[in-house]
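For clarity, chains are labelled A, B and C in written order, and residue numbers in each chain start from 1.
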Amino acid sequence: MIRKSAERVYLFLIFLFLYLPIGVLIVLSFNNSKSKVVWGGFTLNWYKKLFSNSAVMEAFYTTIFISLASAAIATLLGVLAALGIDAMKKHGQAVMLGATNIPLLNADIVTGISMMLLFVRFTRLGMNTVLIAHITFNIPYVILNVLPKLKQSSHTAYEAALDLGATPLYAFRKIVWPQILPGVLSGFLMAMTMSLDDFSVTYFTKGAGINTLSTIIYTEMRKGIRPEMYALSTILFLIAFILLLFMNFGPTARKEIQL
Amino acid sequence: MSKLKRQLLAGPYILWMAGFILLPIAMVLYYAFTTTSGSFTFLNVTSITFSVHLKALALSLKLALLCTIICLVLSYPLAMILNHMKTKSQGFIVFIFILPMWMNFMLRILAWRMLLSNNGIINSLLGTLGLPAIDILNTPTAVVFCMVYDFLPFMILPIYNAMTRIQTDIIEAAKDLGAGNITIFFKITVPLTMSGVISGIIMVFVPALTSFAISDLLGGGKVLLIGNVIEQAFMQEYNWNLGSGLSFVLMIFVIASMALMNSRGDDQGAGVL
Amino acid sequence: MSKRLIDLQHITKSFDGQTILDDLNLYIRENEFLTLLGPSGCGKTTTLRIIGGFETPDQGNVIFDGRDITNLAPNQRQLNTVFQKYALFPHMSIAQNIAFGLKIRKKSKSYIEDKIKYALKLVNLEGFENRSIDSLSGGQQQRIAIARAIVNEPKVLLLDEPLGALDLKLRQDMQYELIRLKNELGITFIYVTHDQEEALTMSDTIVVMNQGYIQQIGTPQDIYNEPVNAFVADFIGESNIINGFMLKDRLVQILDVKFPCVDEGFGCNTPVDVVIRPEDVELVSPEQGMLKGHVVSLIFKGVHWEMEVLANGYEWLVQTTQMHPVGAHVGIRVDPFNIQIMNKPESNDERAVVSDV
């Protein structure tokens, strides 16, 4: 009994540690006062201000575009890659997976810098370079979501389909694709979330003209915190919450909690 | 489709990887070992021994280590409690503890900075309790706090996942053979979750070691980590050779710490993810 | 007879409001090979887990060697379990697995080494000390699980469907191994299975369970030859189970024909279940038969032919070495000794399981 209560208290303390900061942010986004402590009544002013701030809105659109586009392209490349890797021999698979892990394990700052060096050499920094960078760090998440599904999917079922007269493409569409679809979807969602979350790589590859939400919050924060940022944070939090709820409890959910 | 043909599907990805992962890293290496005029040099790399850089590296290692230890100490009991919780809502509760990991990184820094600021919530709470205000914003302490806050879920998740993989009959077998709770913890639970712990350590230590945004925004320019030195070399001094040289050193440290951790018995074959 | 080692008294257990065991009483003698046999969900595994200490009964007591151990933790009981899926510790070598219990008991190093050698020899895996668990086949893992349990010299070894995951040939080999082991060790085995052949081959005593109730306790011969009810008869081997009418002592009416039998004491004009094993049905010429019928199907089974004979509206399952082609007219005879009379089930639980007969 004592142990149970102690466990509860512990859970609650960690919960507070994790959520109090965000909770305060959300409350302050509706606070009709610039103070961080005093409640000045409910207001949507900060949201209005946020939506009328063209720089922020532009960053918002850029972020959405980059995350959707990079996730889509990464999913396409990643699914193809997973299919290819799955057909490789053990040694080839190990090499490919090792290489796939590089962007996951490498420090973000080094990934960002290395790509910046490349881009500056051959082109100009801008939307395209951010997009390429995001695709690059997104592909591994797609592969790591799809490959296990491919391994689980039964090769004999695919062969049975061929045996029953299906063309390889038809067999893929009717047999393999439905089995890996959950992995493809969760790979896509994960890629999107990683892209939304990224700061370091974007920071080094974006050039002067454009901003994503992460980089604009960074710039704003260096100047000091304005309450619009609370409103922006609240919106970002809700987007992440809904995406994740869908990822973990939606139709594509895996048994283990997603990374 | 033949096996060979199917392998070709990985072609675009291989090209992409060569162009945007391997080539950029090669460029870092190139800049790291050349001067601005393109001649070979070790100076960029050896400049890590400059006292400013060395101090930044030492501080980075110290804070990252501290952050990792705190995360581990907080996460292990948490993962155990979550794993033992056999309610229908277990999945959702675990989800709640992992969720912050997905929230925008900047947002989390912002939240923490607001809490810690001199006229922020924490100090006014302390004030109402009649306690002296703490002034930790712009100190290494604030940076560590925020790092723990940022990276804690990355420690919780792999440990929790490793724990859920322990079959209950393994625990029952140990009990059956006479093991008490303490023996089970040290002989069964800890060794079988070691892969998760190692993943967690890597996933916390590496970003903590290499981060520059947290120290930048919460350290008020007073906390200089190796990440900040590199960022400044690139974005303020435009000294790419120096920045690359230091990045190279950082990469060595990252690889070394991972190799060190992985040699500590990653017998489950569970990768970092 | 050797003494009672374990006594289960009035054990009741339910999970989520569903009763798994209802007032179960059972004793196990020292040095006995006792098998809990029944279909899945019959409560056999729960019974084993209660003996092992992994579940606590809602009511009732577990007496071990005269001592009440109902609430004793598993690690304090003098018995060891061989788990269904082996439950070997994946991070330890084979020697470390076997040594686990001994180290906890703080045995000396040389003692432990001797024991490992002895146990590996006993399960025919000499020299496997330093192999990893992954390198073993299912049958080998099972042997290690047994070795890990027996080095602790338990008075009782609990085996929870230990052969369930093995293929047929290996399963048969392991049955003989287990009998040999039991004889060499001289300890009590409590064995859980749903496989009637396993139970008949190995056991001294079989406890047939269904839906949380013990249906019958007896030697393999008893259980096979004199099942007490239709459930047991049907579960142990194939049977013809027919509705009958006990006219008086030693005379039963089946399918409108009077059969002499050897059973007494069922009263007059009592409805009963009649069990006749397929190998006990004799096929004769139609004139000589007590019933007349014709063969509707015929399968060659190796040692015998298996036929279905339609007679008086019932399809008799018959096993004989003499072949009669499909459509042949035959007569059916049954020796009075081979007719087994059983009371109709009284409880709904029992009735539920015979409805498919």
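Keep this in mind: a contact is a pair of C-beta atoms (placed from the backbone, for glycine too) under 8 Å apart; a residue touches a chain by one contact, two chains touch by 3 or more.
On a predicted model such as this, the values are computed, not experimentally measured, just so you know.
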Pieces of the assembly after leaving out chain B, positions unchanged: A | C
Interface with the most contact pairs, given as the two chains involved: A-B
Centroid distance [mean C-alpha coordinates] between chain C and chain B, Å: 56
Whole-Å separation of chain centres (CA-atom averages), chain A against chain B: 17
Parts of chain B lying in touch with chain A, wherever the complex brings them together: 1, 3-4, 6-14, 16-17, 20-25, 27-28, 31, 74, 77-78, 81-82, 84, 91-115, 117, 119-121, 124, 149, 152-153, 157, 160-161, 164, 202, 206-207, 209-213, 216-217, 227, 230-231, 234-235, 240, 243-244, 247, 250-251, 254, 258, 271-273
Sites on chain C touched by chain B in the complex: 52-54, 73-76, 80-81, 83-85, 87-91, 100-101, 104-105, 148-149, 152
Sites on chain B touched by chain C in the complex: 167, 169-170, 172-180, 183, 187-188, 191-192, 194, 267-268
Complex interface listing, chain A residues touching chain B: 7, 10-11, 14-15, 17-22, 24-25, 28, 35-37, 77-78, 80-81, 83-88, 92, 96, 99-111, 113-118, 121, 132-133, 135-136, 139, 143-144, 168, 172, 193, 196-200, 203-204, 213-214, 217-218, 221-222, 225, 229-230, 233, 236-237, 240-241, 243-245, 248-249, 256-259
